[in-house]
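Here it is, the structure in full.
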Amino acid sequence: MYEGLHEECGVFGIRGAARDEISSLMYYGLFALQHRGQESCGIAVNDDAKITCRKDMGLVGDVFDQNTLEELKGDTAIGHVRYSTTGASTAANAQPLVTHYVKGTLSIVHNGNLTNCDDLRKKLEDNGAIFSTTTDSEVICYLIAGLRSSLPSVEAAVAGAMEKIKGGYALLVMSPAKLIAARDPYGLKPLCMGRIGDAVVFASESCALAATGAEFVRDIEPGEVVTVSDDGIKSEFPLEKRKPRKCIFEYIYFARPDSRIDGISVFESRIKAGEVLANKNPVEADVVTGVPESGIDAALGFSQASGIPYVKAFVKNSYVGRTFIKPTQQSRKSSVKIKLNPISEAVKGKRVVMCDDSIVRGTTIANIVKMLRDAGATEVHVRISSPPFMHPCFYGTDVPSCENLIACHHSIEEITEIIGADSLVYLSAEELADIVDDPGRSFCDACFTGDYPVTEGIEDNIR
Amino acid sequence: MYEGLHEECGVFGIRGAARDEISSLMYYGLFALQHRGQESCGIAVNDDAKITCRKDMGLVGDVFDQNTLEELKGDTAIGHVRYSTTGASTAANAQPLVTHYVKGTLSIVHNGNLTNCDDLRKKLEDNGAIFSTTTDSEVICYLIAGLRSSLPSVEAAVAGAMEKIKGGYALLVMSPAKLIAARDPYGLKPLCMGRIGDAVVFASESCALAATGAEFVRDIEPGEVVTVSDDGIKSEFPLEKRKPRKCIFEYIYFARPDSRIDGISVFESRIKAGEVLANKNPVEADVVTGVPESGIDAALGFSQASGIPYVKAFVKNSYVGRTFIKPTQQSRKSSVKIKLNPISEAVKGKRVVMCDDSIVRGTTIANIVKMLRDAGATEVHVRISSPPFMHPCFYGTDVPSCENLIACHHSIEEITEIIGADSLVYLSAEELADIVDDPGRSFCDACFTGDYPVTEGIEDNIR
Amino acid sequence: MYEGLHEECGVFGIRGAARDEISSLMYYGLFALQHRGQESCGIAVNDDAKITCRKDMGLVGDVFDQNTLEELKGDTAIGHVRYSTTGASTAANAQPLVTHYVKGTLSIVHNGNLTNCDDLRKKLEDNGAIFSTTTDSEVICYLIAGLRSSLPSVEAAVAGAMEKIKGGYALLVMSPAKLIAARDPYGLKPLCMGRIGDAVVFASESCALAATGAEFVRDIEPGEVVTVSDDGIKSEFPLEKRKPRKCIFEYIYFARPDSRIDGISVFESRIKAGEVLANKNPVEADVVTGVPESGIDAALGFSQASGIPYVKAFVKNSYVGRTFIKPTQQSRKSSVKIKLNPISEAVKGKRVVMCDDSIVRGTTIANIVKMLRDAGATEVHVRISSPPFMHPCFYGTDVPSCENLIACHHSIEEITEIIGADSLVYLSAEELADIVDDPGRSFCDACFTGDYPVTEGIEDNIR
Amino acid sequence: MYEGLHEECGVFGIRGAARDEISSLMYYGLFALQHRGQESCGIAVNDDAKITCRKDMGLVGDVFDQNTLEELKGDTAIGHVRYSTTGASTAANAQPLVTHYVKGTLSIVHNGNLTNCDDLRKKLEDNGAIFSTTTDSEVICYLIAGLRSSLPSVEAAVAGAMEKIKGGYALLVMSPAKLIAARDPYGLKPLCMGRIGDAVVFASESCALAATGAEFVRDIEPGEVVTVSDDGIKSEFPLEKRKPRKCIFEYIYFARPDSRIDGISVFESRIKAGEVLANKNPVEADVVTGVPESGIDAALGFSQASGIPYVKAFVKNSYVGRTFIKPTQQSRKSSVKIKLNPISEAVKGKRVVMCDDSIVRGTTIANIVKMLRDAGATEVHVRISSPPFMHPCFYGTDVPSCENLIACHHSIEEITEIIGADSLVYLSAEELADIVDDPGRSFCDACFTGDYPVTEGIEDNIR
């Protein structure tokens, strides 16, 4: 999809790098995760128990320059990129969070959403807690800090907090002497581990390892807590084991195609999705194309399987600066052509299959279909490499309700008409599961099926 | 003194102003208090229970522009200016603090220092509290938030917190429906109340009332809590009454001369101090001058009492921009002439009396004495409008130890020699008390006498 | 090519738009031309003979925000984007140039390079001229201004200046009452005309028309001067007609694929180039891929003609902020993976054909070939959709000498080895000419053949 | 006067300083001249014939930071501060001007105004000249550049230009090998020379020498051209000698009191002016005060001569940041109290003599008189240390017409009433001349007398 659904965050951390190099490694790691969040970013560095943190609204390449990186020296560091919402007021919510508590300092970065966050927060507030942000992450901080006083180690406190928090999370916790990585028991959020020389690296996606020259070691397991300290690397599974339910949307849209998540190539999943779409509903067409960037992979798979030639039908303008101005009412009609413009020569007089990864509200894809017709396409057949998006996600994306989901309110036939397509085909949930080779349903596809792995705190929202 | 001791903060708040005007009133109010802190500043506005806060490093005239002020609309607002230390990392400590707690939101601004802050923080941390800043103010927030759940009102929680916190404070607390002003039981920090139309205004000094067109109503009493709500203005004295010990340094140096604090004119105190100095130790001299800005008033009083003509002997360059660069090693020798340059014509061939308000480390005044001699003064007699500064202050200034206090380590004779003066006279503590007309010792002059009104938490530091 | 050769500029202008809308049209027009230059940008607006100009270093989306656009109201406007070199000192060279001269004001924007600029500048200086920039554009300003006093109109002065200046140029000149577009007699630089309602628009490429909702009208002819005023649109050909020699590199690399230039689709040219490469030297391979962005089109054509499937083998990270930091020495080895990372799954164990548009220095492509091998490609066959780049360009790109051109110093066999490819095939100049359907050689391909259409002032450089 | 008349510029230059130190010397020199202009500032450095220039809107302490200063290395440098007008569009007019011409590069900074600038510009434009700024300084550049080709040296070209330009100017010209200082034949603008070690320094005022540790050598003579090169220092007087007419307003208001200009102390002149006022019209009063900053010196002189005690009656708030927001309509009434607030205790119940240096429009002083009365002054007697300002100045200040001069339209009696004073006394032109000890009228006091030394080009404006 060209615009619409957003992942909320990416995390990156290092322990054991050279004091002078750690900030540039963090920089390139976060830069490689920028697709997971463009609102704000930050890095906290531990230098012999002294924490320095710098975070601000903007891209990694805007917030950090040579001077600021040079001030961030240390042995351990964690960093974060956060999704871009409107409104400047969210600067307070940028991460890492750095807190002072009974045992010293604690810094955390966090990707994901807690479903029982309101309950936890309420309980903490009832005990006198105050919050300087509105993030789930601060709740997690509180829990860890509160448990730490009665428990022998930070990782024990992290484990204790994991007993209480429900939902999806990939978490990095930095104490003066340790770097701890934790993944929720269902593995809803991705997290992997790598190595550069003697340093241990954690990242939301493996593409960030490549960007720093780190070697991929393995994925963190659902429910696993990995602690890196002077004593080496320790792995623990503090919670009862559950069948994993990893987010299937990472493969469809969120992750970068050069990442492997839990042993599966994002790239291959997307190609396969296109192949399945091609085989499922053969269509007479002259060319197949994809909506940049995420629709292109499925289009290539579709082309391969169907024999219909792939064409590049769009130019995407990615030179968006800090203060890019959106079209106003008067220039709205031509709006989509500003960031995305069709190549008429590729589609004029042709029957076009157009692949995209998903449909959220349907307005953007309607514009794009219209653009293709205006550019001379005689037919536009839309193929979506995922099932209809019918249920909100509570684990860390920005679709908190049915309200804006076109598939909640309309049948496929109606959507076909609304978006102006000649035909519209989605993948089924089963086909999608096959693609990631998952006969045992170890993935979360609640947004398509309503089958939520975690329900604490969201009972009222999922009927 | 030209450079040296610093007040830590100024506070300003309004309830009941027009929604569109409140931010510009805040702006002018804080601008008038800028002498109390130049590091960072901020404003939080309550608009129908929604809080918007903007704060950053820099002067009021740098942080706020027309656009940012227009985003700050509401009925109630509090603001803060903070003293300029080195190091950018203190942005996290800028105020107002805005917190979310069990009863909604709470915003506070605070001038002063708690002496038992470490103890309080420790206790809170032991109960699981985490802190996102290193300020005393966040501790106060916690206490209020914790008490609020068991008490019927925010002001009751403020009162409850006042039972626990020790030290000097002028505090403004904004809840969705109230603006509360509180002053510590000794009145160590100043706080006054005014009115503009129907709106109630609180300010650290009365000069901020003048800047906004507000009329002075009265000083807040030591230990008083004033609550402004839709029900009007309510005054309470929740703590046992104590003999006040108001900070005498406000009159000597901190406050602006056009302010009246607790019924006493700052201007008149400074003039009188000069007069007392003149009468105490008559000196044969041709001219009397003062170190800008705070030394000038005493010089005028000295001139008046002694009949020795006052001259302006220095030009002060106040065009310091955001990133003013301090002289490097190589240009150090000429350094003082950059911000302060003597007028040779005023002092050449003359015996000069030079007044200043205090001596902290002695290095700056030594430079200035040398400047006068280089400019041709034949004698330089230094007169200080306060006693020797021999004891650290724990109530909200930046002199936390004896280490940098020249009067801790040297006799007056030695200081005279170190600073290169022909003579040096200080006021005595008794003379200073007379000046503010205080036979009953209702002022705190601990920095001169070591007689500390509040000792909780600082027992080890005061021997 | 992924990094290397750069076009120097793009121009955009409007006359007759609504006063309040003109700046947002300029904004979107320049944004669509951003690929032609990312160093600096600017807009000058004529509002009833009063010129307002805003220009600065940075992207269109960085330099202009809502406030600055609102200050740019008027009936006529011209704008410019300029190529990103290193060094901040070039701010003085940003365009538009706004000058005051005997007949009022004159603003110009200019894409291209004059070959006889030094001579012209020398003659002007001999007559007392002074220059505030080091641009060719200021020389053109001077000539127009000097001629205007003895000629009846600005367009006549533009025509007069065209007699003197040699080289490539697309020029927009704004006087208080006119907007004038001029293209050099060989048509070396592209320039086209469009319409939005009653407004006339000029742009370097047609993609900028699409971005503003303008309809394409026609290309400006080589040697043509188009004057737009209250009297309508006037076309003149002041110079003797010559056989055109339009820049063929626009089709290979500079222009956006959704642009049509002089009647030829950029997209189709690139597809054809891939087809010709495929037919010319058939190769046994498993997949074909392209270096983003410009190598992808040729790869698609190659795939089509050869039947070898196209794969996306790279992820390009385009989230580069204002101050993106380049890898330092220590992280150099992994450098290319920061902005470009291979997708192993696409190439592992495969014989890969990799298309790119050109080779300049050869270092980048060598890195990319190595990346593919490291990702598991068993063979890498490089196909270049242009002939060997052997001669400098003097008409407005940044390759002023042979020094950095690998093809000047090495045979194709040597280059194959240097870049680590299994085979390397270029297009021939004749094949390239066929692609743009040009039997009569109406294109400039001097960079490949050394056959320079304009030689004044560069005689010594071309041997 | 508190606000009103403005000097337009200050200049500063060095030749022969250490390559690494020159920019910090320039920085402190310009900082000391900041009172002569706060709109924009700039520094150009010559490093072995390569010129680097940095200039921008804002104070010296805003435009330059450590990084920018470090980029400015060289043997020779010139710099400029420019007066703050409204409107951002004047960035193009910031100085130094750096131009490229037939003999290389030429950089100039310039304080003053040419009266025949329009004529000169017209003649140049008729010969084809174009201008990128609207400054007089660019005209001077043109003249020097044009003459240089037929003359043997830059200084000869400067001399040639001086034959043509009329008006007031202090000029620094930097060529690759020379630094040239020139002062107009009447000496309307001040310029002096100093030394730091082997380096030669030029400055608008001697206070800038003190700020850099330079020793004062002498004033540049009216009509003198001083050339500093590897051959040493050369002095020439290329124009016919004229009786000097130095600007008397420098002593009244423009210059800093710690400067000496043409052998006369600014400080002493201001003290004397107060004395003359006191003796001229004795008044029964309790206190005398001055409007900060420039009215204070006269007040001290007045106090001395009359025996009426001087009081500080105002606090001036000088913490104005970059974007200080002026009071809007609604807060206008209280406006003056924002930057200037009276000290009631100093004036309550008293008859006050209030000194100021001049009255331009009369609105500010009316506000200030009202402030004193509101603060309780029973009488306010205004004393002005200059004659009525009745004629515009064409030599480099911002009073180009009679329109805003209250003394052009009203008698002293009327002004007394308009500003609400009990009495109003000005100095006479003769008294002022006596103060600077000038029986021979070697000063320009045209703003008081209408006796203009230079009339070329302004004949129509002076009737």
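Odds and ends about this structure:
In this document, chain identifiers A, B, C and D correspond to the written order of the chains, with residue numbering beginning at 1 in each.
Going forward, contacts are C-beta pairs under 8 Å (C-beta built on N, C-alpha and C of every residue); 3 or more make two chains touch, one makes a residue touch a chain.
Just so you know, these numbers come straight off a predicted model, no measurement behind them.
The set of chains in contact with subunit C as well as subunit D is empty.
Within the contact network of the assembly, the step distance from subunit B to subunit D comes to 1. Using the average of C-alpha coordinates as each chain's centre, C ends up farthest from subunit B. Here the spacing of subunit A and subunit C, counted between their Cα centres, is 36 Å. Chain centres here are Cα averages; for subunit B and subunit C they lie 60 Å apart. Averaged C-alpha coordinates put the centre of subunit A at 48 Å from the centre of subunit B.
Interfaces, counted as pairs of touching chains, are A-B, A-C, B-D, C-D. Note for the complex: subunit D touches subunit B at residues 21, 24-25, 27-28, 31-32, 34-35, 38, 58-66, 69, 207, 210-213, 256-258, 265, 267-268, 296-297, 300, 303-304, 309-312, 315, 317-325, 327-328, 330-331, 333-334, 337-338, 341-346.
The touching residues of subunit B, counted against subunit A in their complex, run 52-53, 89, 92, 97-102, 106, 122, 124-134, 138, 141-142, 145-147, 149.
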